[in-house]
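Take a look at these structures.
Each of the next two complexes has subunit A plus one more chain, namely subunit B in the first and subunit C in the second.
Up next, the complex of A and B:
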């Protein structure tokens, strides 16, 4: 089981610092990077894959720079990019066989693994269909299948459930969860529920920095006493919406039921409630916490 | 090996490639069929057409086969006169033998060939420069009509093949960028190192196959239509210069010519691959490739005559430009000696290898789309 270590990893693009001084150790388990668009998640994952070179800092695998390991590192890697690229006129089977060849899988192993993972993701009936005919969910499933072909010890999934309906999303979560044994699974998302149920450790990311990192209970603990629920008029709701981070808004007859993230009680009559991950996410994104 | 076949299959399976090759095959087949059907020969007052004309011309040429001499030329003239175009019918009058001597030893081209009374043998320096080399005892004469026709179109065919190659290889890397498959491939074990060399190897193999297989097809067409006679005849019969380096026989000349074309194709594969590695759009790669392809043409036709870089500089640049794909296949026509042609091939090799290497490093260092 490899160990990934990030030490002071920074990535600068001209004027912008996309990732700032990120340090962490990753061992077996599921790691969820949660953050809004532009937080630096994809950039960080690309550096972990070796596609991007860090401007500063180092990423090591078992204390060896991944650039030095080169092919040896990529042998352990399975990657599903945010924009999963494919050749439209390839069939699913042909594409997986091609990628299996790129992953240096022997012919017999490639054939069996291709079939195995297509069955796992429920695409075996569509294996001879051209990828351009696939729906978004099918594409994503194909993407996860290719990421698993070489049975990677490090699985990196960038926004794996992007564009999927709830059923597909649940199916995905279950697949990822089932694969997390004896693996480092790193997934990035801006959808809280993607990581809420399966991540062993969650990293909240904003503007290139890790705001906080830890198990879900420790993340939500920081938001304890900061989450409130109340029922107010429409007018009051508009005012509170401008002033505070609203986690949930629901119209109830002539009133509005709000779930608010705030340091102090936002309005008379609001009661504190147990925070969830989404609340903690809003809490952290609203103001930087270390 | 699997990866190589898959990369080759990706190149070959593009509709533009198939369409281009098929179109060219149909075109040259039609040209050949038309060429045979339009053959006309007049021998001893009798007119023959089509395949019959080919057969009769072969028999006639057999009488004069061997070293061409002034006596043979005189005999042909005495028997058949000059080849010319009948103004009333618009049809050519003559046969292969008197066509050959009229074309190469008279002012036929200058007169337009319609007024028989105007056509006469070269004299003086014109004879010395144009015709004398044919009768100095070094020229093997034979029926070479088919090879003449084949040679007329050979270089055009090569240009078409190069354009097909450009269209086929432009997406080599730029498609990986635009389809975002590069983000994936460059994270696979072989995709970032060995896989790139395999991609480039597939490009080279495709260029070689395109040139060789089409060359064989083209040669086969004309051999089927006109026969294999004349391959051992002198290459000067089909237009190769008397000075500079060219193989003596027509067969050797064709091999040499296609070897130069092949070298040009491989070089072009490298240059196109390099441009593809720099561009995220296959379309822009095509534009850039066509511009780069045409630069040596523009240089030699437009800029070189102005001696824009001075005498030495312009000459040096001329040699560099004739080492590039569009001119490399024509090296035989510039009457370069063997040493010069070797240098041009070396320059082509250096440029080609550099292009492949730069393409490799450029694609390998791709940092992903934003």
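Up next, the complex of A and C:
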């Protein structure tokens, strides 16, 4: 079971620092990177995959720099990029066979693994179809299948549920949960429900930094006493909308039911409620809490 | 000797230990490490059929050029052959271009057979086609011009080398453009580079041979730098990612 260690990892592009001094240890389990667009999640995952080189700091696997490990590290790696590429003239089967060969799977097992993972993601009926005819959801499922082909010890998925409908999302979550034993699974998303049910540890990222890191209960604990529900008039709702972070807004007859994240009681009659991950996310993103 | 006869093997313990070893062996991941030839065969196997066909057509056309243009005057023949060689260079490098297209580069960089290795193999494939076409022209057309085989080779190589420099730069400079447009653009511009000497007066005179020699050396240096740049771009990684 490998252990990944990030020490002071920073990535600077010409005008921007996309990742700032990130340090963490990753062992067996599912890690969810949650953050808004531009938070630095994809850049961090690309560095973990060896696609980008850190400007400062080091990423090691079992205390060896992943750049030094080179092919040995890539043997352990399965990656689904955010911008998933494919050769449109390939069929799904040919594409997976090609990637299986490039992942150095032995020929005897490559064909069976290709079929196994196509069945897992529900693409076995489309295996002889050209990829250019696939829908967005089918492409994403193909991407997940290719990431799993070499049964990687380190599985990195960038926005894996992008384009998937709710049923496919649930299916994906179940697949990842079932595969997370004896594996490091890292997924990045800006969709809270993607990580809420399956991540062992959640990292909230903003502007290149990790705002907080921990199990779901410890992250939501910080937002305890900061989440309120109330029913107000439309006019009052507009005022509160301008002043506070609103988690949920629902029209109920002539009133508006609000779920608000605020340090103190936002309006008379609001009652405190148990925070969920989405509430905690809004709480952290609204102002920096470490 | 009597002591040894009294030793008995605990069969149950032996079976338990063997079972433990079998389980540990089964849990171990057996990794495959393809060598360079096997990696090349992988790339060959998954080349699109149309690329093989295109290269076949290219080689056939090279023979046709030799047959139908051999009686043309020197400068015109040199220019036609140089343009043809440059266009076949574009075809030869299509495999390399394909690696950088369709957002595949980022994913391919994370595979065991990674983008750097794939790029090296594709450059080799492209070079083989170019060498074949070059060889056809030099062997079939060179001797016809008595004593000018080496000069003929020089007249072909210089535009070819400079066109290749442009093609390699275009892969990474023009990534935002659709691959079909990019390929068409690089082919047109590289053909223009190949045709350029024809419009320079007296360029094919013997007295200009040292210039050609210098141009070849400079082009060779630029080509080495262009190839090095491709590998640096891959190492850096930023230009592999679409966003």
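Definition applied: the second predicted complex is superposed on the first by the 290 of 290 C-alpha atoms of A that agree within 3 Å, B and C clash if a C-alpha of one lies under 4 Å from a C-alpha of the other, contacts with A are read in each partner's own complex, and residues count from 1 in each chain.
By definition in this document, a residue touches a chain if its C-beta (ideal position, glycine included) is under 8 Å from a C-beta of that chain, and two chains touch if they have at least 3 such contacts.
Quantities reported herein were computed from a predicted structural model and do not represent experimental measurements.
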Give one word, clash or fit, describing how subunit B and subunit C relate on subunit A after superposing.
clash
Applying the touch criterion given at the start, work out whether A:79 contacts subunit B, subunit C, both or neither, answering first, second, both or neither.
both
Check whether A:99 is in contact with subunit B, with subunit C, with both or with neither, and answer first, second, both or neither.
both
Could you tell me if A:250 is touching subunit B, subunit C, both of them or neither one (first, second, both, neither)?
neither
For A:16, is the partner it touches subunit B (first), subunit C (second), both, or none of the two (neither)?
neither
For the combined three-chain arrangement, which segment of subunit B clashes with subunit C: 116-124, 188-196 or 224-232?
188-196
Which residues would you name on subunit A as touching subunit B in one complex and subunit C in the other?
13, 46, 49-53, 71, 74-75, 77, 79, 81, 83-89, 98-99, 101-104, 146, 150
Touch list for subunit A against partner subunit C, complex
13, 42, 46, 49-53, 71, 74-75, 77, 79, 81-89, 94, 98-99, 101-106, 146, 150-151
Residue set of subunit A touching subunit B in the complex reads 13, 46, 49-53, 70-71, 74-75, 77, 79, 81, 83-89, 97-99, 101-104, 107, 110, 146, 150
Residues of subunit C defined as touching subunit A within the complex:
29-34, 42, 45-46, 48, 98, 102-114, 118, 235-238, 240-243
In the complex, the residues of subunit B that touch subunit A are 2-3, 6, 10, 13, 176, 179-193, 195, 366-370
